[in-house]
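Below is one structure, written out as structure tokens; comments come after it.
Order as written gives the chain letters A, B and C; numbering starts at 1 within each chain.
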């Protein structure tokens, strides 16, 4: 596993994704959820992309982005914008959203990343409020009233449109996770980790810290934008208060931290567990309780298990009797 | 003196109203072993930080290999062949000892190295400082002296022409100090110019070919160690503390 | 008349700025002096608003008095939060990522608990002066100049009380042993040891004071405007913009920056519409970070 090449990993990821694709309808049948299984799975997969994207910046370089919801919203509103101009296929919208998200990440980073990490975090927090202000005041994309995005009734090759969206999100998961894993094992990953551990020592070791941080913010922003691009077609009616909502901001931080931020596995595990839990929970409890649960888990994990579930599992294996600690 | 590898001229640095360095001139010849001493707060570390680009000097210039370093940030200076070790060791705590060395190996040489070459160079450097058996350990498991050695190995990994060792021996025992001094002399014999900033006088005297003394941000002496050490002004600065 | 409009916008801005000073002073202490990035501070302020609301609605207590009543509880809350923060993050050297996530979690927990308890309806307080202007309140509508007589009490009271609180804090910081120790904790740990003070204890006290100010700021907020749980998020950008612009931990700088932001927002709201006001703080924050990160009173 450690030495598996990127292409090999991508292949395995595709096989796993294909298995998920064939497996999910069965779970739907067992639970009696029908097409709802696609809605639930889509949401979980969307969180996998968001969590992985957040982790590229937050987990690898240690710069905390509080504005995930804003980057996600940028992706969704890119789609709304182009939908109003000229309907484009979703894969193209995903690319456009990635470009816009990446550019905003780059801009944010350029203005604040020369300073201490906390300033970047605060700026992202403030940015979420302001982007929301901009969207609310921008009538072309619906303003505060929101925007309807009517999805086509059918789509070639797929049983239903929701299945199509599910497959797109599955593909985004494969791309995001593969990219994250590749970064981790490349020179870029070593540079990111050096920045996270000690920026001054990283510079003294020849690591161009500002450039690397900008790469991380741009990549992270791009993937968050991508995660948002199909969303208008998924939800049908889009409101600023919804896409800038609490769930996205808190989940994309909580999921990697609960899973473990050091590797690509953490956000994947965290998002699948927490996302599934929430999907099951929304059936029974309100969304506010949902956010409360995530917030409590987040605080619990940073205090008790700062290396997340992955760290907990690693510790279990490391502490074999007789082995040197 | 042949053409200096490092030439600092008229360097000054202020923090608000406090003058940390004033009009510092310093030339270091290639292959030289220079000792830099001075009481606490005399500006030694500030000078190192100005030379390495961690701080930006208000006045004066720093030239390295006849190149003005103005506007170059730390990693660019590192890539030109200027390495430093930190006063307090600053390893990358989440990485193994070997990976600590990999970072500079990945980021400093322009020519692309193969995975095998990097691993080989990494082993070589760890062997040089005597950490070969600890490649897979983490920095938090190291003793103070091993931490210092890691710091020097990481600095060496940038293939420096000049190494600035900022208090590489603080807090070490007598035999450990000798270890590090010998290590620094070995590095010097391989053609690397070394500036040693140090409080432990026996180490400085053993190591240095030339001694520079800073007091209150000014250079007050520069010359052969045994002469400088008997300079009345230097004696006064140290006794006056 | 545009000139009248300008003058009244300026006056409103100054009043707003006084209030912003009270909102920000806690952050100036926590972030500026102690280097604790307490992004949950606005959530504590909203908590303060709801306590003022409860005391006002249940017992008819004046909101300002309610804020003062809540002070000790908030002080204890602050001390407890710092203790958790210190043991879990500062001591382990993990304040960067984990510490930020901790406060982020607190922000959401506080907000959601308030939503679960009170819903998302706007709540407000009642007091005799709130819907009056200064002239009517004093019964001097005729004899005072129009500009002064028309000062709205709902803005004037929080502003004056804010400045009062600010003055008290300034005296505490400048004149008392604890105050000097708090300033020393950020600048000179050695001096602190020579004073014989335990840095952790000093930081705990300082952080507790910082959270205590949220009780007052929350009461002022609910006098100015009706409050619902998510209102706090609008203040995140504001408080940090003011703190950074004021020069991180300089209390005088905080006051100046607060008034500057108040005026800038008031002018924006008057001439471009209130829905654009939140963007002002963000713009100001980014400009400050990009061009003068040390702030207007920066060292």
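Simple rule for what comes next: contacts are C-beta pairs under 8 Å (C-beta built on N, C-alpha and C of every residue); 3 or more make two chains touch, one makes a residue touch a chain.
Here the structure is a predicted model, which is why all the values come from computation and not from measurement.
K.L.:
Linking chains that touch, what shape results: line, ring, star, complete or other?
P.N.:
line
K.L.:
Two chains share more C-beta contact pairs than any other pair here; which two are they?
P.N.:
The chain pair with the largest number of C-beta contacts is A-C.
K.L.:
Quick one: point me to the chain whose Cα centre is farthest from that of chain A.
P.N.:
B
K.L.:
Could you please state the distance in Å, as a whole number, between where the Cα atoms of chain B are centred and where those of chain C are centred?
P.N.:
46
K.L.:
Please tell me the distance, in whole Å, between the geometric centres of chain A and chain B computed from their C-alpha atoms.
P.N.:
Distance between chain centres: 43 Å.
K.L.:
With chain centres defined as C-alpha means, what is the inter-centre distance between chain A and chain C in Å?
P.N.:
33
K.L.:
Contact residues on chain C for chain A in the complex?
P.N.:
So the residues of chain C in touch with chain A come to 31, 37, 39, 84, 88-89, 92, 94, 96-102, 104-106, 108-109, 111-113, 115-116, 233-234, 236-237, 240-241, 244, 275-276, 278-279, 281-283, 285-286, 289-290, 293.
K.L.:
In the complex of these two chains, what residues of chain B are touching chain A?
P.N.:
Of all residues in chain B, those touching chain A are 52, 54, 73-76, 78-79, 83-84, 86, 90-95, 99, 102-104, 106-108, 154-155, 157-158.
K.L.:
Considering the complex alone, what residue numbers of chain A touch chain C?
P.N.:
Residues of chain A touching chain C: 58, 62, 64, 66, 111-112, 115, 117-119, 121-123, 125-127, 129-130, 133-134, 136-137, 246, 250, 253-254, 257, 261, 288-289, 291-292, 294-296, 298-299, 302-303, 306.
K.L.:
Can you tell me which positions in chain A touch chain B when the two form their complex?
P.N.:
187, 190-191, 193-194, 196-198, 200-210, 262
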